[in-house]
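Given below, in the form of structure tokens, are the structures.
Shared chain: subunit A. Partners: subunit B in the first complex, subunit C in the second.
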Partner chain A sequence: MKIMKHLLIVGIILCVLMPFNATAAEKPVVIGLQGPITGPWAYEGEMAKQSCEIAAQLINEKGGILGGRMVEVRVVDDAGEPKTGALAATKLVGQKDVVASVSTYGSSICEPASNIYEKFKKVNIGYGVTAVRLTQRDFKYFFRTCGRDDSQGKFFADSVPQKFGAKKIAIMHDNTAFGKGLAEDTKGALKPMLDAGTVELIYFDAITPGEKDFHVPLTQLREKKPDVWYFTGYYAEAALLVTQAREIGVTCPFVGGNAAINNEFVKIAGIDLAKGCYMTNEPLPADLPYKEAKEFLKAYKDKFGEIPSSPWPIYAADALNIIAYAIDKTGSVDSDVLAEYLRNDVNGVPGITGPIGFTAQGDREGVPFYLYVVDENGNIVISK
Partner chain B sequence: MQVVFEQIINGLTIGSFYALIALGYSMVYGVLKLINFAHGDFFTLGSYLGYTLLVFGSAFITTHFGLWGGMVAAMLMAAMCLAFIGVLVERAAYRPIYPAGRLPAVVSALGASIVLQNAIMVIWGPRYQAYPAKLIPNIHLNIWGINITVLQIVILVLSFVLMGILYYIIQKTVFGAAIRATALDKDTASLMGINFNKVIFFIFTLGPALGAMTGVMVGMYYRQISFTMGWNYGLKAFTATILGGIGNLPGAMFGGLILGVLEMLGAAYISAAWKDVFVFMILILVLIFRPNGLFGEKIAEKV
Partner chain C sequence: MEREKTGFFGSQQSLLFAIVGIFIIYPFFVSNYYIDVAFFFGIYALLGLSLNIVLGEVGLFDLGHAGFYAIGAYTTAILNTKLGIPILVLLPVSAIAAGIFAYIVCSPIIHLRGDYLCIVTIGMGEIVRLALINNPFDLTGGPNGVYGIDFPSFGGPFVIDSSIEYYFLIWIIVVLSIIGLIRLQNSRIGRAWNCIREDEVAAGSSGIDVKSYKLLAFVIGAALAGVAGNIYASKLMAVSPESFSFWESCMLFCIVLIGGMGSIPGILIGAAFISLFPEIFRPFAMYRMLVFGLVMILMMMFRPGGVWPRKRGGPEFVSLLSRMRKKDV
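Our next item is the complex of A and B:
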């Protein structure tokens, strides 16, 4: 009887230990994703999550990294709030198995979060964070796969006034790190033309994000009679702005920054008002010519029915890919090794959004911009 | 000059939203001396229910009732659902802890608010929802150079009708008399044969129903709703309640309208970024000089 009991205990212990032993060799490599899963940018967060899942799935289908280990994405929600962003980052760095993090949409969320990652020495790659100053802080572990606002501002100054034959330009931002940054950068890029007197900046002001009623600033905008109106903010406000502006009789063309227009914008504003709205943007997923992009988008479409309607989720996928690539090439999950490798040895690695390489500051090298427009059917296409 | 009038009309429109929500706060406070933090979420829930009815029932509703009939039908259905939910929340979250005093009830109200907000997020998802675009005709009118939409006129008229009906119910009917009596002195009112629980039932159907109708109107006006919007509107409406004198129904109505207009004018002529500061400055000034609000009656000291 006693022997039976002992056997039972040994058996139980073995049962508990066995699976551990079996999986220890193939323990997945965990990469964090911090994104706005809830809150005002939930749509972007959802797409980023799906993109990272697809990216991981594609890596795993090809046999994983480090000789057969799978890649696992661990999502934390930052709700699109700076405060929650810092908490989310703390949560990720607190988990020992998280190697590095794809961190977030929204420059003002990234700013406090990247401080935490820096402090706890975790590589973090921003995917929808374009404010110039993020890479001016001499951070060792922060990178980004997306472009910078100053290149977008320059693109606006070079192309938009000519296209519309506009003399009187209005710029409206939303006081966030991204919106204000892009507005300032655009103003800076317009400066030679302003000095030469070929264009006039007749309106430069902010709206409050999260508000629903913009009748007051829009009435002021209408009284200034702009030829073109540039809004550097996010799609939730952009949709309300366009709806209310047309309601009170602002008729000039609307040009949004690269966060202003996606399918959600078209849905909220309605096709009637959304059509003919422009945006300056990185190339959208559907317009990417690369082999990796085609493969990724096919897998995405097979699983979720439609491809992402904004460029950011793709940058998130590329951030995940490049982390996995670096881990695989260096054979290490050590943050210092990874950061060194990303900074110095990643150059022209084929990615979904084109060849990936980082500058000494951690910026992505070479991101092109296009002018997009919403067409009759509510699709976002390159403006001719 | 036209611009000033335009801003005032814009202000009256959001002011009437604040006023309708404020009425719900004020009624509950008047009777129970409880700040019902869940009220803002009743409003959000109403907005979402109206959205669901309009999106999924739009073909049916508009063919059977016509365009504006469909809107009113959606509004009424949302109101009825919310009246039911309001009573449910009162039974579950407030009634069991009345004997414990006022402070636990306030905490419970905050809890109810969080539960409702998260329930909305789980059911409809965290994304913004958009009221159907084609359903609401976007007709502009130009009256003496003032730009106004038909929808704004409809909202203003509807709000004033609703406020009128509520005022009539409270001031002229037996129910209203019972509510006013309970608000004045709960114990004496009970001694006079007024059923306290019936009064509570009544205010918890009326308040959320009004909130729900406001929610549908806000949805039609801005076309974009989110599960967290109740907090912001709730806070503003609560401010309106205090501005007008808490527990005083005409006070809540005027408080809301005044708040809306002040907010718009402050944003237009001082600074859009400072408009909330401006609004709360006014509130503080009013409270310094008239601690019971603009229309508040002096409460006699109980000896």
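Our next item is the complex of A and C:
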């Protein structure tokens, strides 16, 4: 028994000393990752963790940062819950060696967590947080690599009228919180162009979701002769709308929001009618055209067998990349230096999800959205 | 006899002082993370105590307690962000709002017994949560919740904004609640509650107004949960519907069952178990539920009255073991 006791004591001492031994070598730069490792979004958390590990691995293979220091990811679980999120953030800011944090998935979890990061002055970059208000709090240390809820409307305004050479735009929504929100955001984003008179909003109205006959609103739409028609609702109505619109002779291009077109849409409308319908959508990992994305996805696939199935984890990898980049460029791990640098000097840095830059509020500059189109075979592909 | 009694009380008292002493010096020796863990322990202790009034004292199955908690938190959040009313003023307001809500909702269902009441309260909790998600009158902010809630302030420079101050705030409230609840337990009301729990018909026939006493338990329990909601909202500075799920109600139920129905020290143990256990075992989070279930089953088999059952006036539970032993004899 006594020997056991001694062994135990020696073991405990060893355990305590172990970390010190490790630090004797080149100290790694530790970047935190707060994510829902357990709970309802555990798959998102798991993929984010894997993505960050791959991102760190790629950096380390290229010789690390700050002249040879490795990047280490330290994961804390927030269980997809605001309370646990606050605890997880407190845990990370309490660890002196954690330089900055990638945090987190879910706007309502990010809210309390980012308050804590702000209070303890630690750079934190959200990767799955789209609520507009998060960056309207004048926080110094909060950034995000993903888009905002209103990014899609902005993307539509920035690219669609130009692409189709459209002057007369029709926007149709379905009065759901999502559909109406997107329609309003789009209208807001079009405002400068409307004021300048370069485009005209000739139709802005709602249909009733669940109905089967949309001939009445569609006839109204036809009379206005739009150049492009944006529908911000869901695919079931979208498919019926397209079918009935083509029937009564509305020929302008159809553009759906990111809930309007999917494989079901193609099935209901039929390939003939679905062909050439557009949608605004976040890029799926497999569709990203960048060199960094290809390299990342290859490493990811080699290690885990398949690429991430949701768009968010790659934003986590990009958040980690940009933190590592900023540390490397500034040669500093000081939060103030990093925050200043990210806000002012990061611009067009190549990332997995495209060039990365931040606005003064900490939002991602440039909107990571794409225009997708249904091709002849009924596949939904990026429009050239 | 006399001396023995004082001796006993003396040891209990010194134990109490020791515990209070540990609670006071604890936050000065640990990191913010552990202070916050202890803070949430306090929140759960308060919620456990509030559910204990309904479940432990009166024996009403209430699986929708998170609903009252949500009402308290959202009352604070909305009134503070929209009208700028200070958090500490909203403390009693939240309690009253949750209490009134409980009165209105529970009046028509108060005659239900056992499982039936349980089902209705589950429904109530879920309705509250769904209502919050659906953003009625643009007040609750839908799934994203309400944000930008102030810190509690006593005016001037006395603002509660650090972990340690929140820790003391919640534990002072817990201690005050405990003192109040002990007084309540020994009062006429407490005895009436226990009487209803043991035998409702007998209670009714001996002149206890069963319906009013049950409603009173719901209202007081809800008000206390509303207080917890108030502090929770100001601590997180944001509230969202995820925090008030059915799972939260289950956790509160477990606190009371694990600790011991009607036993205040038991509730504290139960709250410690529920709030500290997941934090300590976070690395093994995947197996947490498994262990949790096992513990619950073992509890029901061997200590059905809870870890620290109430000595007198507590519900009669006979454990499996003692029943077996009795059979042997």
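Note that the second predicted complex is superposed on the first by the 214 of 384 C-alpha atoms of A that agree within 3 Å, B and C clash if a C-alpha of one lies under 4 Å from a C-alpha of the other, contacts with A are read in each partner's own complex, and residues count from 1 in each chain.
Keep this in mind: a contact is a pair of C-beta atoms (placed from the backbone, for glycine too) under 8 Å apart; a residue touches a chain by one contact, two chains touch by 3 or more.
This one's a predicted model, so the numbers in the text were calculated from it and none came from an experiment.
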Worksheet item: So, does A:Ser108 touch the first partner subunit B, the second partner subunit C, both, or neither?
Response: second
Discussion item. Going by the contact rule stated at the top, is it subunit B or subunit C that touches a larger number of residues on subunit A?
Written reply: B
Discussion item. In the overlaid three-chain picture, which partner chain does A:Ala177 touch, first (subunit B) or second (subunit C), both, or neither?
Written reply: second
Worksheet item: Between subunit B (first) and subunit C (second), which, if any, makes contact with A:Asp272: first, second, both or neither?
Response: first
Item to complete: With the two complexes superposed on chain A, say which partner A:Ala131 touches: subunit B (first), subunit C (second), both, or neither.
Response: second
Worksheet item: Between subunit B (first) and subunit C (second), which, if any, makes contact with A:Lys27: first, second, both or neither?
Response: neither
Worksheet item: Now for A:Glu223: first (subunit B), second (subunit C), both, or neither, which partner does it touch?
Response: first
Discussion item. Quick check on the superposed pair: does A:Lys91 touch subunit B, subunit C, both, or neither? Answer first, second, both or neither.
Written reply: second
Discussion item. Let me test your reading of the model: by the given contact rule, A:Thr208 touches which partner, first (subunit B), second (subunit C), both or neither?
Written reply: first
Item to complete: Could you look at A:Pro82 and tell me whether it touches subunit B, subunit C, both or neither (first, second, both, neither)?
Response: second
Worksheet entry | subunit B and subunit C footprints on subunit A, overlapping residues | 37-38
Worksheet item: Which positions of subunit B touch subunit A when the two form their complex?
Response: 3, 6-7, 10, 14, 121, 125-128, 130, 133-134, 138, 140, 147, 149, 218, 222-224, 226, 228-229, 232, 264, 267-268, 272-273, 275
Response to the item:
Residue set of subunit A touching subunit C in the complex reads 37-38, 77, 79-83, 86-87, 90-91, 93-94, 107-109, 111-112, 115, 131, 133, 137, 177
Worksheet item: What does subunit C use to touch subunit A in their complex?
Response: 31-33, 36-37, 40, 135, 142-145, 147-148, 163, 232, 235-240, 242-243, 279, 282, 285-286, 288
Practice prompt. Flag every residue of subunit A that touches subunit B in the complex, lowest number first.
Written response: 37-40, 42-43, 46, 175, 205-208, 210, 212-213, 215-217, 219-220, 223, 236, 239-240, 243, 246-249, 264, 267-273
